[in-house]
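Chain lettering (A, B, C and D) follows the sequence in which the chains are written, and residue indices restart at 1 in each chain.
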Amino acid sequence: MVFVLKKNAAEDKIAAFVKKIEGAGFTTFLSTGTEHTVVCLIGNTARLDVDFIVQTNEIVEYGKRVTEPYKAVNRTVHPADTLVTVGGVTIGEGYFQVIAGPCSVESEAQIIGVARSVKESGATLLRGGAFKPRTSPYSFQGLQERGLEYLLAAKRATGLPIVTEVMNQTQLPLFGDVDVLQIGARNMQNYDLLKEVGRCRKPVVLKRGFSSTIEEFLMSAEYIVAEGNPNVILCERGIRTFETMTRNTLDLSAVPLLKQKSHLPVIVDPSHAAGIRSLVPALSKAAVAVGADGLMIEAHNDPANALSDGAQSLDLDQFRDLCGEIRRRAEFEGKKVK
Amino acid sequence: MVFVLKKNAAEDKIAAFVKKIEGAGFTTFLSTGTEHTVVCLIGNTARLDVDFIVQTNEIVEYGKRVTEPYKAVNRTVHPADTLVTVGGVTIGEGYFQVIAGPCSVESEAQIIGVARSVKESGATLLRGGAFKPRTSPYSFQGLQERGLEYLLAAKRATGLPIVTEVMNQTQLPLFGDVDVLQIGARNMQNYDLLKEVGRCRKPVVLKRGFSSTIEEFLMSAEYIVAEGNPNVILCERGIRTFETMTRNTLDLSAVPLLKQKSHLPVIVDPSHAAGIRSLVPALSKAAVAVGADGLMIEAHNDPANALSDGAQSLDLDQFRDLCGEIRRRAEFEGKKVK
Amino acid sequence: MVFVLKKNAAEDKIAAFVKKIEGAGFTTFLSTGTEHTVVCLIGNTARLDVDFIVQTNEIVEYGKRVTEPYKAVNRTVHPADTLVTVGGVTIGEGYFQVIAGPCSVESEAQIIGVARSVKESGATLLRGGAFKPRTSPYSFQGLQERGLEYLLAAKRATGLPIVTEVMNQTQLPLFGDVDVLQIGARNMQNYDLLKEVGRCRKPVVLKRGFSSTIEEFLMSAEYIVAEGNPNVILCERGIRTFETMTRNTLDLSAVPLLKQKSHLPVIVDPSHAAGIRSLVPALSKAAVAVGADGLMIEAHNDPANALSDGAQSLDLDQFRDLCGEIRRRAEFEGKKVK
Amino acid sequence: MVFVLKKNAAEDKIAAFVKKIEGAGFTTFLSTGTEHTVVCLIGNTARLDVDFIVQTNEIVEYGKRVTEPYKAVNRTVHPADTLVTVGGVTIGEGYFQVIAGPCSVESEAQIIGVARSVKESGATLLRGGAFKPRTSPYSFQGLQERGLEYLLAAKRATGLPIVTEVMNQTQLPLFGDVDVLQIGARNMQNYDLLKEVGRCRKPVVLKRGFSSTIEEFLMSAEYIVAEGNPNVILCERGIRTFETMTRNTLDLSAVPLLKQKSHLPVIVDPSHAAGIRSLVPALSKAAVAVGADGLMIEAHNDPANALSDGAQSLDLDQFRDLCGEIRRRAEFEGKKVK
């Protein structure tokens, strides 16, 4: 950790600052420039808050942590790729999985029908929303408990492991038979939920908040892993920018960056990012090429009559065609498909 | 509600679309242009989802709701300004209140000391964090239950009503004696929390999410009011932009806009927006001038040793000076101060 | 064009508005709702400014142009893909070209050396900056005229057509032997420069402004094409967002969107977008997969001693390896490589 | 300047790096941590490019300039406030000036009429666009030379100094009798224009680019001042964000920040920022309170029929009322009005 002191820092204040830091168990080195003095700390600074020190010491102009604030999810700490296994499916480096299904579960017949179709097309996990976070209190909020039951029926019918969103920790008891918990973008910094999900050991798909930096995203994953659950799958799903032609801007650069910084698997959700069906195939192919470990794609039996997000869903034929394209490219990239 | 159909829309498909809409109980008017047909709906369209209709009808290119999606918080529905009263303090148009206190409650002596001082300076409500949402799981998470007890002690000592953040709905039973619940920016779209808070009748300070549009902000307030709690105070606290010199960009235009669109009180938090103490006075004065109904300002007995956000806190002398400046300007604007 | 009138619009004002529009040569249809009246215009509205009408007619709440404001670059007007040919190289749908070279031309030997190497690796055009827009007046501003001479020497030595940036229209006489003019991101809305470049017929690489919407980008291309120069190549190079880990956020969704909306070729510059060398290969592969017609990649003989943007440049060996990867993928996608 | 070296930096590479820096005339101090080595440079580092050094030395992980890259505009270099005087009007700390007029000059009668009215209301400078940068090539581009003539006529008629935009340096000869040159937001990084404007001594209103950081804004001012023209007036006019309810987000925090960092005058343009007339009064009052040295406000004789930006223009009565409100507040803040 390095601190640059202000130009006019008085010598006695510098001495007091150094004494305080050394009193906390660190060794310091001072370097006195023509304009500024720099103080370097030596020792394990993980427990120090760099902003806090800058803010609470008037003579400090600037501070920089040399090591990243995330530890458990950091590749330097844990160089080997994490592989998350669920129901015989492996998610992580070297594999490519497609998670597919409708935005919302609408009926038992619907979700079983979609599950059978996407499985045949090549999907290896089934997604579907039972609890739906919606901007308006007047919009459809999902089938809730009943939606979960229908998802489990689809799992029994097809053998596909299921991925579905949990909106708050009081719902967790209902998710006992769910294979993968999803934390939605709006909940990425719902820390109490992250902690609870960290206390169970189920795999978690953690979606990037639509205005979260990559570092904040990794810090939220850190909350889960720090509580003891290492099975976190990061999901890039677009960030909020000034561009309005797409719903969000898919940040594909985040994929190689996350894989450099962390050992966790990274998947991409092109459907929510774009919000436009016609962009999903091109973005899916790009996600394979950029190095993602999988895709989460909305596919619906009847998008024209979907209860939510119909505009971004592929129909089942479109999904089958795309799945073939994805598989060809994943194999081209040397990934195992299932 | 108006729909613009695609250029090549076939006549039979247009007829089917019109039939579907009329079947749902609306009257329609068609206008056939040289390139596009436009369909106008007449009737109460509050229950329709415009995006859904666009997305699920292939021939529709574009749709526009003519009326806003928020109802209960809409000024056209409820033209009179809402005044929220708590412990003898009125928040809303015509009044100007200053809510002050430390970012985090640190000890009983600290919070009582700060409360006495800010009261004397002119603050009319006391703020202080007991449960703290922090980016890192390794940062100080607040004194929690104990922090609430200390706040209540400060309330008993000074008579100031207290404002403090609730992070999830399971904590609500602990907040029985708290005067005003605060929903933090990261929880602005935690819908389950909004609903629960809507079911109690306590006043709520709802902070704007740092990447939320003004419409989303009003929709989140709608969640609370729709559940029966009309006592919502909107708080602008800065949005995330590309600028890095301030922590967030305080969006003061939001204040007159919110007051045009809604009847709810609007306050401003310059401390979290700027993240820099030296900007707080200028932004506070601007907030009075732009028409806000109050300010929420961080003030701390010893910012240099604060446990969180010290850099943006005023010390108690600075706060007293600023409070005098604010009062002069609020009176200049014809606002009642307390 | 559709206008939604305000709720309380008086009948005589509506009549006056309709009369004004009909006086301008349009047919109108009125649709009177329970709350709002909607006016639909029929006729060629290309010459109307929708915002202007909304702003200048008090009774109009909202207006929407049904057709896009760009005409010459619009795919609906000109459905066939534009192919730009320069020095025997074809840029556009069905082809995949790699433009490579250093950020800045540094010496004759350097640029000839780089040109020979990138040509051998598979690049089909040479890029290099002679005039350099720099944030600081104290930074290296390029070799200017001398840089252009060295580029032309490299063209003579290798036969590669050259692409280089023109910063203002007074420089154009110097660019007579340059094959492709580049308009930089900061000049995307320098309309006088766009008009001048539109008056010559040289191919133009137009870079997207780092905060420009896709519609603004197409409107800038429209400026060039409207002056008579159809040879515009659009270049996505990253947009400014809140994320700071990359220099800009590469918006790969823009590629399929631009190709849907317009007939112009679209290329991608991953080097400037990311600002980090290690991300260039992954983003280049993604650009091929997402449907781009080419790449513009920074490659330098000695990145560690480059005079500008060394951190994002590949060295010549890295470029050769990447070029092989790109070629394999372009062929996989059925594109002609040269 | 401080450099943090990478974890695994070899000793011989560190020695080579240090030798290179010392060879360039700097003294260095090394501080060796448990994980990282830090190198501090002592001496005048103004000529060094920190990014360049990080990028071109593989062992360097991170570098930080301790002093800001702008010099001539930096308050630490030039502590006294710059006062710009033009036609007897002083712009800068301690004064408050209102620049008013229509977006575009439309006719001689119009601009003279507006000039007389705004002068009577209290404006001390006249603005009006002759050359207009427009997103669409099909929009009104301004009256150009003729517009300049009409502005000069208005100046003769009223004595008000005039402010008008120059779009490119070839136009400068036409601006001989113009009092204040305006550089528009889209040209803030048109460096060749900045340099030319720096070579004349006329006062310049430099508008912040709508996606420019405060540091980039100051660097563009530095281009002008470094060429010898100290008469630069900074103008905050809103930045591009995700919010769509206003045209841009007025960044009022920029005002106190710019005044802390620089000695140049800072004014605010609320009209272009908001794009909505009804917000202009509140934002103007906030600009006074936040510490601006003046305002630039659009006022038009007939906004409903303005040729551009009518929606954001006040009519002359509204302007007169607002001008009174502004004057009262500027006097309250102790500013000289004219």
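Please note the rule applied: a residue touches a chain if its C-beta (ideal position, glycine included) is under 8 Å from a C-beta of that chain, and two chains touch if they have at least 3 such contacts.
The model shown is predicted, which means the values in this text are computed figures rather than measured ones.
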Pair exhibiting more inter-chain C-beta contacts, B-D or A-D: B-D
Chain pair among B-C, A-C or A-B whose interface repeats that of C-D, sharing over half of the contact pairs by residue number: A-B
Between chain A and chain D, centroid-to-centroid distance (C-alpha), Å: 39
Chain centre separation in whole Å, for chain B relative to chain A (CA means): 27
Between chain B and chain D, centroid-to-centroid distance (C-alpha), Å: 31
Sequence positions of chain A contacting 2 or more other chains: 211, 240-242, 244
Residues of chain D that touch chain C when the two form their complex: 46-47, 49, 51-52, 54-58, 69, 133-139, 167-170, 186-187, 189-193, 195, 210-211, 216, 219, 222-223, 226-227, 240, 303-312
In the complex with chain D, residue positions of chain B that touch it: 211, 213-215, 239, 241-246, 249-257, 260, 273-274, 278-279, 282-283, 285-291, 329, 332
In the complex with chain C, residue positions of chain B that touch it: 2, 4, 7, 29, 31-36, 38, 40-44, 61-62, 64, 66-67, 76, 211, 240-242, 244
